[in-house]
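Following this line, the structures themselves.
Presented sequentially are two complexes of subunit A, the first with subunit B as partner and the second with subunit C.
Presenting the complex of A and B:
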């Protein structure tokens, strides 16, 4: 009731594993071949490939929370941003080595998520959404003003892509595969946690907190654990963000960035851990190509977003199932649900969607 | 002491604007249990509409009225087209209104540009009055404080003393039972959405008279009205007033003491309230 209507497929997990696995492997194969398939790798790899991957990873943490805990968090990009700031601070200000910086960033992000969880786990549903939105804005405003730590609006730079020994991230292809590996790892980790006894308890709490509480589960502690885990996933996304941009500034965590993650999750399917990558691809394509046919990128995104919510609440990942459902119903009743397809246009230079305006009050 | 009183007055006038925005939000939530994240967009749109009307006619009151009406009607249309069907799914409504906000923000940027504008008001009112203990203080700010108090009292009377108000309160408690007694709850929902949006539009004109209107303000006011209603308690008009005063005063005091942390401290207030009283100061336990 409180979370978005999503088909939980756990009851027939054995059945969906086979086709799901096949589709997953095909997508993975495509993702691995991606740098060699595109005509202009220097444009496609960072702007579509890597961007989709980090958008997807951060959105995955949101989907994990929504699907298994029943909480819709708008703080996930903020957590990723904190991790990005952590890496940048360790690299630029403290001068630490890349590995240590990455670990430092992950720790900052996860710790921040734990603190958010302590405050937010007590609230439910719509309150949780508002609280996480507000907390995200607090961090944004602090990041935009705290010159001594975050260097305010100029941000922390440069954060070059390091040579990690096993992998030289300065090479674009290597960095792409690094991000892809991170995405796969995040997915497997989410799946593992969701099917562990911890994850099952979470789903129990999602469905009936009172009953789980009566059974002796500490509901709050489980929620805090889940939010902290999701923060760790988001932090991994944050590490990729900072290396992707070679810097970090407040625009990483502003309201638009927060909404981008939500849009990715909703378009991909807010109940699907893999759908987020489809959402990420759609959003990065929109970002890069929408200016070919309209100046109003945000309006277009908003329309797509609303259309998905109205007609395909389970997102792109749920469309196959929805079409199936329509087919079944058409036999009895005439009723249809429009299917949404992303528009694709030939490539041009990436679009500038940044519009930084400060909300001054005086 | 003089500075303290001045900052207090500033905080109260800021609270007046916050209250006007947040009262619409809390009204809609109170009855329908949905949160409209397009509320900040309604605020900014109201401000722009008021700005245009005042520029053309020179009449501030007409601008405020026109903006309230226009934004209210737009809210009604959005409610009928997009929200009504999904009223029981609060998350979906929140997300749909977020989509509306995205579109609204973008279209307003396209129409009104990125530069700051401000709603004009008669030159006769652009004077300072002598407030004991403070000295000269802009009359318009005091008037807006007054307007806000009047609106607050009218809203309370409307909710507590009229037949429609009692229907609204019955709907808040149990909309299904209210419908069963023969009240057309749908019309009540529509009317409340109209009223809530109109209040945001009106607040836009009032706020746009004191502070600049520019892109990004929609997000700012959405956030502040969220904080106000969370602190005050969702669905309560007196709660919105208390929340607005707290948020207004705290943000102004910290602006003087520690400017960098003004917003952080304001939100910290919300966190503290939530930790002690998750339903807000005047909110009823969920």
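Presenting the complex of A and C:
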């Protein structure tokens, strides 16, 4: 009997899967049509489209770690930056071919992530956050000073968008679709890993690392694996960054860039792998249009950030559920109102609770 | 090489543990033969949980030696001890709250089956899910597989605890106050569950509640102020003046 009273989560999520899937496909269709919908493609495609995509990919790596492993990493933009530096170094300094440069960049980013993980996986919560932030700042300082490797503040250039044979990235539309394909791939990869036995074990570690070691799992090894995987995702974002800017310089990995990723993740919904792209669009729109009506773009970004935290704590991706919750409550009130029975009141309670737990979910 | 000692599941020799200036455990000896059922009882602060955590490997002993199945494990990690055949439950539930009951057991089964991570989708391991189902049936949670752990009652969570510990196919099973927060009917059910645990599994029970401790064990160890003060059969313990004194000195309802 208690089974009837408490619908299980998987039943709930099955109910949610359908609208989620439909919305996802609509957004994907819009994203595919995007270059043909805008009036000034030369402005919109790189500044909003491609920028949103790479912001989203890097933020997705942060969300993956946060949602499935319970770690909040501020090193994701740094990892992406390392990958960008890797591509640029291979192209500019070593003169390698585009494909090899891309692979080199991905390897640099992933390897760096692995090394960060070896140190950081031993820490938790706020210490993990501080450590990743500190490592990011160390890399920024190094990149800004190591003239021999990074060409210091002038950065490495030019890194032209290459002709990859199958796709000529020099063409803006092609490059956009390349970034879009990368974003979709990253999403599918994250989802796949999350549903594997490995992903389930990660979620176990998120909920109770003590239990996992009592069950015989080597918790550290799993954490290192997850951070390395997330670094690979961030590195893919880094490859798009370097081609988007045609160069890489320390500003790619400075504190602002690091915080941008966190803002994107929070605006999109820190528990949602797809919400990050909504966050990316919001931030890139802010970056490009806020100057039209205010000089204080940082203030505006901050206000948007606060507004999201206040009114939609689960981010843009959580708004659907939030609206549903409000609707449920209104409907139930309407039903119970004419009867005027206080006994009818309790049913509204659970939906309120649902709303708040939804909001506080990491 | 360490001398092979197959007769003992666990040997604790002169183990002490200090927390700063506090001597939580003083020079405790303990031997458990294979297949034995031992209860460790004592009031709050007697050192039961400290002893438990030392055996499980949560923190290291200040001095002394711990042998598991004849092997010295004093400096070994929790995960390695688990792989040697030691399973434990937790006093305060440390389940995977955001996952379903079935997923919890699925993960528990992984520790012994895979050494590393498996990148196969979880639904492609039907035999592992089936084994999980059988375990849930064994502890009476068959109907609850799809429920999220956070929605379970306290008693159900303890049942799940047991299922997850059994998933390891342990040689030594340690239960940390399994009856904590149980209603009387749940207690009866628990005693039944504990009695159904296969005989080849050695059982070490840390328990606050005398009734359960005495009902399940073949030998009982009484701890007080970080020391082992008495050891005997349930009947001897029940008759002991000293035990009555300690328990009455603590809290009244526990002596009942």
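Keep in mind that, in the parts below, the second predicted complex is superposed on the first by the 313 of 362 C-alpha atoms of A that agree within 3 Å, B and C clash if a C-alpha of one lies under 4 Å from a C-alpha of the other, contacts with A are read in each partner's own complex, and residues count from 1 in each chain.
Quick note on the criterion: a contact is a pair of C-beta atoms (placed from the backbone, for glycine too) under 8 Å apart; a residue touches a chain by one contact, two chains touch by 3 or more.
None of these values were measured; they are calculated from a predicted model.
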*Partner touching more residues of subunit A, whether subunit B or subunit C*: B
*Is A:295 contacted by the first partner subunit B, the second partner subunit C, both or neither?*
first
*asked:* Between subunit B and subunit C, whom does A:211 touch in the aligned arrangement: first, second, both, or neither?
replied: second
*asked:* Touch test for A:313: subunit B only (first), subunit C only (second), both, or neither?
replied: first
*Could you tell me if A:259 is touching subunit B, subunit C, both of them or neither one (first, second, both, neither)?*
first
*When the two structures are overlaid on chain A, which partner does A:198 contact: first (subunit B), second (subunit C), both, or neither?*
second
*asked:* If we overlay the two complexes on their shared chain A, which of subunit B and subunit C does A:127 touch? Say first, second, both or neither.
replied: first
*Which partner does A:135 reach: the first (subunit B), the second (subunit C), both, or neither?*
first
*Residue by residue on subunit A, keep only those touching subunit B in one complex and subunit C in the other, then list them.*
3
*Would you tell me which residues of subunit C are touching subunit A in their complex?*
56, 58, 77-79, 82-83, 87-88, 90, 94-100, 103-104, 106-108, 110-112, 114, 116-123, 125, 143-144, 146-148, 151, 164, 167-168
*subunit B - residues contacting subunit A, complex*: 14, 35, 82, 88-92, 94-96, 98-103, 105-107, 109-110, 114, 211-212, 214-217, 219-220, 223, 226-227, 230, 234, 260-261, 263-264, 267-268, 270-271, 274-275, 278, 286
_Of subunit A, residues touching subunit B in the complex_ = 1-5, 72, 119, 122-127, 129-131, 133-135, 137-138, 141-142, 145-146, 255, 259, 262, 266, 295-299, 301-303, 305-306, 309-310, 313, 355, 357-362
*Any idea which subunit A residues touch subunit C in the complex?*
3, 6, 8-11, 192-193, 195-201, 203-204, 206-208, 210-219, 221-222, 225
